[in-house]
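Have a look at the structure below, then the notes.
Which chain is which? They are A, B, C and D, in the order written, and residues in each are numbered from 1.
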Amino acid sequence: MKSTRMGGALAALTVAAGLAGPAAAQDDTFKIGVITFLSGQAAESFGVPAWNGGKLLVEMLNEGGKMPAPYDTKGFGGLNIEVVVVDEAGGATKQVQEFRNLVQREEVDAVVGYVSSGDCLAIPPVADELKAFTILYDCGTPRVFEDGSFEYVFRTAAHATMDNVSLARYLKSRNFDVPSFAGLNQDYAWGQDSWADFTGSMAQLFPDAEVKTALFPKFGAGQYGTEISALLRERAAVVHSSNWGGDLQGFLIQATARGLHERSQLALAAGDHVIPQLQDKMPDGVILGARGVNGLAAKARGGELQELTDTLWDAYEAEYGVFPVQAPFRMWQALLGLKTAVEKAMADNGGTKPTDEQLAAAMKGLEWDAPSGHIEMALADGHQAIQPNAIGTTKWNAEEGRMELVDVEYFDARCVNPPEGMKAQEWLAQGFPGAKCD
Amino acid sequence: MDLVATILVDGLIYAGWLFIVSVGLTLVFGVLNILNIAHGSLYAIGAYASASLVGLYFAAGGDAVPWGSYAALILAAVLVALVLGPLLERGLLRFFYGRDEVLNVLVTYAVFLILEDVMKLIWGVNPYFVYEPYTLLGDVEIGPLFYVGYDFAVIGAAIVVGLAVWLTLNRTKIGKIVLAVIHDSEMSETMGVNVPRIYLGAFMAGAFLAALGGALTAPMISVTPGLGVNVIIVAFAVVIIGGLGSVPGAAIGAVMVGISRAASVHLVPEAELFIIYFVMAIVLLFRPEGLFAKTQARKI
Amino acid sequence: MSQSVLDVRDVQKSFGAVTAAQDISVSVPEGAVYSLIGTNGAGKTTFVNMVTGYIKPDSGSITFGGRNITGLAPRQITRLGIHRSFQIAQLCNELTVEENMLVAGAIHASGRPSFLRSAHDARARERAVATLERFRIAEHRHRLIPELSGGVKKLLDIAMAMAGDTKVMLLDEPTSGVAADEKFPIMDLVIEALRAEGVTVIFVEHDMDIVTRYSERVLAFYDGRIIADDAPDEVLSDADVRRYVTGAPA
Amino acid sequence: MMRSNLLLSAFGAFAVLAAGSVILPDWAMFLFAMALAKGLVCLGIVGMMRGGLVSFGQGLYYCLGAYTATLVAGSFGVSDIFLLTLLSAGVCLLVGAAFGPLLANYRGIFFAMLSLALSMVLYGSLSKMSFIGGTDGLNIAAPTFLGWAPEGRPLQTALYIYVTALVVIAGTLMRIFFDSEQGLITLATRDNELRVEYLGASVRNVMSYTYVFGAVLGGIGGTIAVLALGHVDPEFAFWTTSGEFVFVAILAGYLSVPAVFVAAIILEMVRSFSNLYFPNTWQLALGIFLLAVIVMLPNGLGSLVRRRKEDAT
């Protein structure tokens, strides 16, 4: 009988599923599930450098004493850190499934992950349902905590509004003349939102500037010839782009070959991460941000975080032969935040491995120092971080053969992030009420 | 006027690129009756191989004769075809001839998945750059705009490729044999044509064209993982518009898509994403099997 | 002479420069057995294809039982009662003989084929087996098509066409692809079965022995035209027919 | 096959599957629920395969069903799973009935590519609609069951039982259809369209029916998937999603209904474990698995348990 045989197959699968799956973490280890892009377009620019940085930090923490205080204790509060890495490629559907697998099958103690904002929107309800402590370390969309509130979910990096507000503020504070501006952004939520944020900020700071064409080439298009023609014809004073990775590199190579950077001021919301690859092919005089005081801007900042920054910077450069850009910085700030939270929770519970509830309680409203500055979980009732930002201008140092950021402006976290309780779009529309810029 | 000229120039540049990346797909479908999703991977591998080879060329002192980098680009495509063509066709695809077309799409999809990771294993995730060939040809000023000379070289390459394929098929003995195989492979076999060899040759030619597309594109982009996914969708659209298996169809399809897309970017930028599907829908509405489809006889 | 059931009037058809049918007019009385002869390309199959709706005539009319059926789709014509068989038997190769017969039964079962009623239920199978038995191929019913001999395939092809309420049957070369010693037995069987139900028969045939033995009237085709339309002996002794069709010495 | 046997098999299948709600660990129950939901979509493709067509665009209905449920839930506060399923199925029925007769004129690769193009148009449109989340998509709250609003494990169990029941019902209905007069005509169409037309049946109608069934099953599958996941995005209509459905259908073959769901579960398991154990080469692993299946089981898993001739006996 076919049904019974197929039924047998089903039963066998059921049992196999029941038996499979490794055991839970030991009491003396803290197991984290890390989700980041290991394949696809975001692997090169975000996923892989982020995890390269993360892996390095975890190794240094597990050895103990490698990091400056207050991060000189071993692991997380003495617990050894164990990591399971999952590829983020494959879409939100797959990520929800993998998230459940990490929590329920691998029984991780915390999840740190997600570059894609689609994933960041899909995961939080599941995390809350499973009561699983989760850190969103990279993604940009403000919608995560504006459209919902979650008990067990925290984002340790500022949302993307900051990037474009900072760009506009930079143009203003350095007295650029901006009679008009145009944009080229990838045709998906990130690009669309970034352009909306930028035009929103410009409307406040440069109310007379004319908005010229807004181009949205397909994600991963590769060919920008037609778009560049359109931008060249428009002769806008500023051309804004939030492109990243291969799309940004391709655009820059093709645009500079045709002199777009000589006709218009290029302003790149998240452009720092292509510097190590492009080197001198990145033209001088491009304004760019790093989604936080990350990469070159962090190195150039100095101050009391210098030692922390240098420790990780040097280790990264020694290990991978390239300097760290924004992605490892965001991974570091997530892991250092997690370390701080775990240790705070352990101080409160008498030194045992904290539960998800204890972790969430400890993380809420937490503040800590990271190479990218002082991070405060100030928004969304203590679940959403704000952090300072920096914008600079590229300048090739021919003598040393490396790209430098000059005319860097550092923006206080409260200058470029909305205050608690206000949605990013409203904040832009109302002219940045409550912004504290010094 | 100046806008019309810009749209035409932009459209043709894009069309040239589209044609190169899609003509191999249509050729392989015409002969082997396989719609090859791995065409996108071959494109990406061509890009990687040319990036590596051009890199080697300059590392070996090619600066003295930078023009040699063009030879390196083409050589890379040839290498890809020589290595992967026989490997995929003899090693895998030939076992699926005569099977359901859709099943064969899945087979090539599996190959696509495998090659995606193989590329990562060989080249890693860091981007490769080979801009030298892109800037060698200088600038061209058209009206108020600058174009890169290389863009026009791509149009030239597309024309050369198109003519070469067309002339080979229609003016040489081997081409006539290929056309006979396209028409009826069983009949050709009984008439003494070495059909397996024709299949292998056609697949290698298709692989070469895919890799050439990648190799010619590599200088203007950063070569990164995930390159092939987007190419395959546009190449499909062009080939479907032109009619599966038709070389002139691919050319017309490429020009239609290229010009419509350029017009859209300049006039209605919001519609860019749709324009390719829009053209496809219109064509299929009036010519369901594409503009130049080979007619399929019904049995009775 | 009984009333004509099928009337073809002044039908023309050309494919580009080739004229496949020119001034074709035929009237077939109910219950008659007609045969069509002619060399390959003379227009016999075009005639069958036009009557059964596979090809639409350029002009002229085809009426069936007083109803104009010119240009109707094959399935509409089939539903009216004009069925056909094929030069190369058209069967479902992945199905068994019985299943092929069940397909025919399912289509012609009471009204619309059902989404719920099993195609394999006892009554349907009884009916299928009965038809198979009528054509003496019931013993093969569990075999797949590729395993069958040419003769059995032909019979099944015709049997399937007989599943409905058949009034006119067009047989396109019923004995082609059949072993020589099977030809007469098969024709005996087929003609007897069709006559028993009062079906009007039109068959295309190259074998003149079969033509003379089974048909009442013969239409000779040449170059898209009917050059003779008469009783078998008359047609076969016609000079034009001898020259253009049978090639027999004058 | 006798109807009473079929009924017995259906109850048996339900018992085996429902037992999973007790045996299975949380993660596996979720994985099974998702696999079964996707299996429903694939069952629709298998229906078309019986008529000789393979749709490479079932993501269209999977996505349409999911968005219908999400938008209705979001705008009208409907959370009842039965109502949501019915609504999505209804929307997909209408859309399927509109496109079905159009697509039924195409065969082979043209049908596959056109259905793919349709689903890509939906993908493109949804990506552009930032007011419903654009590429980031939308979240949907957990469903209620006739007023009962479970949470945690009970919610997962309820969803699992619900999808199990739907799978058994849909599977049984499809089996009845496959064995019916129309079903046999469909199978004959796959083999020889000319014969079917000359027996007096409309091939176009046959294809349209299976297409509409596929659309409805796709919509139901999408609805359950989105309720289980809590999130939908345009990726639901992307060609890779549709490609996966086709793969499951091919893996299962068109002979056996239960094989479809077994195939769906196998694919989910393979993907989940290769993703975890080979995070850097899971695509390679999946690709090799695909090829191995196509080479070793040309007629699908179903051919292991159900030979062609068995249909006749």
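Convention: a contact is a pair of C-beta atoms (placed from the backbone, for glycine too) under 8 Å apart; a residue touches a chain by one contact, two chains touch by 3 or more.
Because the structure is a prediction, the values reported are computed rather than measured.
Taking the mean of C-alpha positions as each chain's centre, the chain lying farthest from the centre of subunit D is C.
Of all chains shown, the one whose average CA position lies nearest the global CA mean is D. Chain centres here are Cα means. That of subunit C falls 43 Å from that of subunit D. Look at where the CA atoms of subunit B average out and do the same for subunit C: the two points lie 50 Å apart.
Subunit B and subunit D, compared by their mean Cα positions, are separated by 34 Å.
Taking the mean of the C-alpha atoms as each chain's centre, subunit A and subunit B sit 36 Å apart. Listed for subunit B are residues 116-117, 120, 270, 273, 300, each touching two or more other chains.
Chain contacts: subunit D has residues 127-128, 194, 280, 282-283 touching two or more partner chains. Touching two or more other chains at once are residues 38-39, 187 of subunit A. By the touch rule above, subunit D contacts subunit A in their complex via residues 9, 12-13, 16-17, 19-20, 23-28, 30-32, 34, 127-128, 130, 133-139, 141-142, 151-152, 155, 225, 229-231, 233, 235-236, 238, 241, 256, 258-259, 261-262, 265-266, 268-269, 271-273, 275-276, 279-280, 282-283, 304-306, 310. Subunit B meets subunit D in the complex at residues 35, 92, 95-96, 99-103, 105-107, 109-114, 116-118, 120-121, 233, 236-237, 240, 244, 270, 273-274, 277, 280-281, 284, 288-289, 298-300.
Interface residues of subunit A facing subunit B in the complex, by the touch rule stated above, are 38-41, 43-44, 47-48, 187, 213-223, 225-227, 229-230, 232-233, 245-246, 249-250, 253-254, 257-259, 274, 277-278, 281. Every residue of subunit B that touches subunit A in the complex is listed here, in rising order: 3, 6, 9-11, 13-14, 17, 116-117, 120, 125-127, 129, 131, 134-135, 139, 144-148, 151, 217, 220-227, 229-231, 261-262, 265-266, 269-270, 272-273. Listing the residues of subunit C that touch subunit D in their complex gives 52, 73-75, 78-79, 83-84, 86, 90-96, 98-100, 102-104, 106-109, 113-120, 124, 142, 144, 160-161, 163-164.
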